[in-house]
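If you scroll down you'll find the structure; I have some questions about it.
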Amino acid sequence: MSALRITVWGENVHEKKHPEVAKLYPKGMHEAIAGALRADPALDVRTATLDQPEHGLTERLLAETDVLTWWGHAAHGAVEDKIVDRVQQRVLEGMGLIVLHSGHYSKIFRRLLGTTCSLTWREAGEKERLWVCNPGHPIAQGIDKFFEIPHEEMYGEPFGIPAPDETVFLSWFQGGEVFRSGCTWKRGNGKIFYFRPGHETYPTYHQKEVQMVIRNAVHWARPEGRWLDSCPNVPWDQAAEKIAPQGETLHQPGEAGLR
Amino acid sequence: MSALRITVWGENVHEKKHPEVAKLYPKGMHEAIAGALRADPALDVRTATLDQPEHGLTERLLAETDVLTWWGHAAHGAVEDKIVDRVQQRVLEGMGLIVLHSGHYSKIFRRLLGTTCSLTWREAGEKERLWVCNPGHPIAQGIDKFFEIPHEEMYGEPFGIPAPDETVFLSWFQGGEVFRSGCTWKRGNGKIFYFRPGHETYPTYHQKEVQMVIRNAVHWARPEGRWLDSCPNVPWDQAAEKIAPQGETLHQPGEAGLR
Amino acid sequence: MSALRITVWGENVHEKKHPEVAKLYPKGMHEAIAGALRADPALDVRTATLDQPEHGLTERLLAETDVLTWWGHAAHGAVEDKIVDRVQQRVLEGMGLIVLHSGHYSKIFRRLLGTTCSLTWREAGEKERLWVCNPGHPIAQGIDKFFEIPHEEMYGEPFGIPAPDETVFLSWFQGGEVFRSGCTWKRGNGKIFYFRPGHETYPTYHQKEVQMVIRNAVHWARPEGRWLDSCPNVPWDQAAEKIAPQGETLHQPGEAGLR
Amino acid sequence: MSALRITVWGENVHEKKHPEVAKLYPKGMHEAIAGALRADPALDVRTATLDQPEHGLTERLLAETDVLTWWGHAAHGAVEDKIVDRVQQRVLEGMGLIVLHSGHYSKIFRRLLGTTCSLTWREAGEKERLWVCNPGHPIAQGIDKFFEIPHEEMYGEPFGIPAPDETVFLSWFQGGEVFRSGCTWKRGNGKIFYFRPGHETYPTYHQKEVQMVIRNAVHWARPEGRWLDSCPNVPWDQAAEKIAPQGETLHQPGEAGLR
């Protein structure tokens, strides 16, 4: 089996502007995430960032990507709509998408889900405990009943998402909130996984359980098929059945061109 | 109980350009649909069309609409994005949405579902038979096991939609195709129903079963609650639990403004 | 509109055997729940208990019940299978079902969901906070962002259920667990709501928010249609299409009786 | 990768009683299905039948089965409940289950779905055309837009199932009906696929497209994880959080034994 081709997309803004983020992630958060994935020899991992031409997400790169991971926060609005269109099309064709933390408000996540994707939040460095809702789920393999992150931003319900296909993790927060922290959807042929942890001011992506979940998730999200979208006309002489139309119709041949 | 406030939106393009459409729907397709709804005294029905200012869908009108029906075809691209934003927001808040026939390719339907919404099609005036998948569903009340439309455009699978919450109707076509013709979803607090029939060159909206389904659907889609979206910060001193954060954190107070 | 007919089913075992339960619920837990529902004049409320003939759930009573609530714990195994069959059939026809707390392990809940319905648990009188995942959901009306129960049994994930249609409440527990505390499903035409709180040694069913949720839930679960199940033969001469079978078939007329 | 272990279960009743079935399937329908699977070297295929001790489904055989296929019709009632319990438990743990044709009325399918699983039917040797609803789905790989079965029993809507996770195939019948012919669900960790074709009086299981779909389906249904069900007590001294219970509770230590 050839390696699964992963592209780790990072906004790469906080790392340049905030020294405490740069200290935690000296090569950028995307490189920390990519490094965690490179620990798995079955994965072929690249990175792409906002400041590159086409945000690094060229037609060619996306065509050669099996699963894309997405972290963004401060610059969601700077992502060009035409690139979002392109990523959406690839997800619908079959590319997997792993949306991380503040990516809940990214254009691509909201585009694919159609809802607000809002939530409540608090930055107080509190403890988060992520419970596994289904210990047999491939994304949870290697995780015990739960794992804890010592200091994280809080995200709380209500989370403005369509009902997930599966809820893999639920979070408990020290400050009293709960959250659907690991959720899956399928859109077109693309599998989507949202994973909550990863605020830029904490060393979350250096934690082994977080890395393990993301590795599991890219395997889970591997493409299973490909659907090249179209909206074809199938004229009567190509219809599967050759039953003669019954009686007269109001249809005029020239109208088929309206569409 | 006060009347349910319905807005019937019509593109109103074919009716003006194509005499055979105008003959079938002399006041426009939207008026035929509105007329069918007005037969129900529990409904308070208005219409709005593409050529009106703001396509007739002002903030005020939408605020006073419980359920919106949508028919468009030739001019999907002419609907302004800011109006689509507004309709989407109202659906997420709780307004019901009934998408009819070629509205499968409308901006609002694709926006809410996030997928291609593609399908195969053929204009040959063939027979369509719509089967009820769940005779107890409120949208199917009054319909027997199936009903037939003598002449319709064909829509066939694959239909590029997310898995519906419920499939109420499936269509059989004379030319050999099948289609998920009545599907429901919930997005935010808005209930969405897609109903396949209604090509402009056939008298479909004059047929009593089609009218009955649309009447049932607007009742089904009535708002049940209202959610005014927000993404609030809940600072530590307002947290539900007053447990002191444990140990040191990397968080600096000033960072909360990053978002 | 005539009143919605509610039957509150109670196992009524703990109340008789454990003085501290009897003290909290002197007329039985079922009467506390029924009393909360009777506060709504739109509801016509009866009770039924395990020790009655047919557990109080006669054919006639079920035929006249729109929504059934179910609380059981110590005596799940004593519920006769034929009564479970009867309740299941009524739910599939359209009767609503509200399953409370330890009812997660009742025969009827497991029968309808098909899964283990297992969970983790602890009796330590800890605090539970129930968060609303969708403030616009009809079952959550009147509840603020969350409500708290001062002392409850803990139920924790993993909860062995099929993915819910909607998750209305998530619980946070003082001891560190989380739980999907308010979940909906539709089976046949019946709407099902599982609501976690209600251990027999706490005054949970006297709490106004808990009562409000159960009142909301029975309204939400009202029947919307009725499907009398059957598996009918539709012989060829009654088929919707009169297309002659093409070529020879292996079918012999007498075989139709095999089924 | 070691081979996927498949058990093909067959009722094996019609084959012995009806000469025309025996002529089509001289070694039994289960051997025809098993033969189609053996064409794939990645599969290790066994069969089991109703007339064997424990219906051939011993604890050991099930423990060593990754995916089970099920065909039954005339003798659903003869399958012992304790064997159904055992199969259900294995599915919930993670074993895949492919239910074929008249297996829609098997105890195991109804047990896992919780609904009637009823449908309409007709034996008239008519043509069936199965359309692919999602060309990218792994179960549909190798199938073009549709495939046809020249002569089959008809199954029509309404099909009394919970809303499928995905609808992979829809059938068109010559006599005018439609049907959800390929549906998926997940229950516990087990993936379930229902596939409609396969009446005993037609050579359906000798058709290459039908064989291809079943081969695809067993790969799709491979176990992804394992969940050994339990309902554990997690006493306070083992709780994840060591927050002291606040105030007094009604709980008495001895009560924990009630469950």
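Per-chain numbering from 1; labels A, B, C and D assigned in written order.
In this text, a contact is a pair of C-beta atoms (placed from the backbone, for glycine too) under 8 Å apart; a residue touches a chain by one contact, two chains touch by 3 or more.
Bear in mind that the values here come from a model prediction, so they are computed numbers and not experimental data.
Common partners of chain B and chain C, by the touch rule above, are A, D. Two copies of one sequence, chain A and chain B, touch each other mainly through matching residues, since over half of the numbers at the interface are common to both. Note: centroid distance chain A to chain C, computed from Cα atoms, is 35 Å.
Separation between the centroids of chain C and chain D, computed from CA atoms only, is 27 Å. Counting only residues that touch two or more partner chains, chain A has 129, 134-135, 156, 158, 163, 165-166, 172, 176-177, 186, 188, 227, 240, 243.
Across the complex, chain C is touched by residues 14, 18, 20, 24, 73-74, 88, 92, 102, 105, 111-116, 118-127, 150-151, 154, 156, 158, 160, 162-163, 165, 174-177, 185-188, 201-203, 227, 229-236, 239-241, 243, 245-247, 249-252, 255-256, 258-259 of chain D.
On the chain A side of its complex with chain D, the touching residues are 93-94, 129, 134-138, 140-141, 146, 148, 165-166, 172, 186, 188-189, 224-227, 240.
Contact residues of chain A toward chain C in the complex are 129, 131-135, 156-159, 163-167, 170-173, 176-180, 243.
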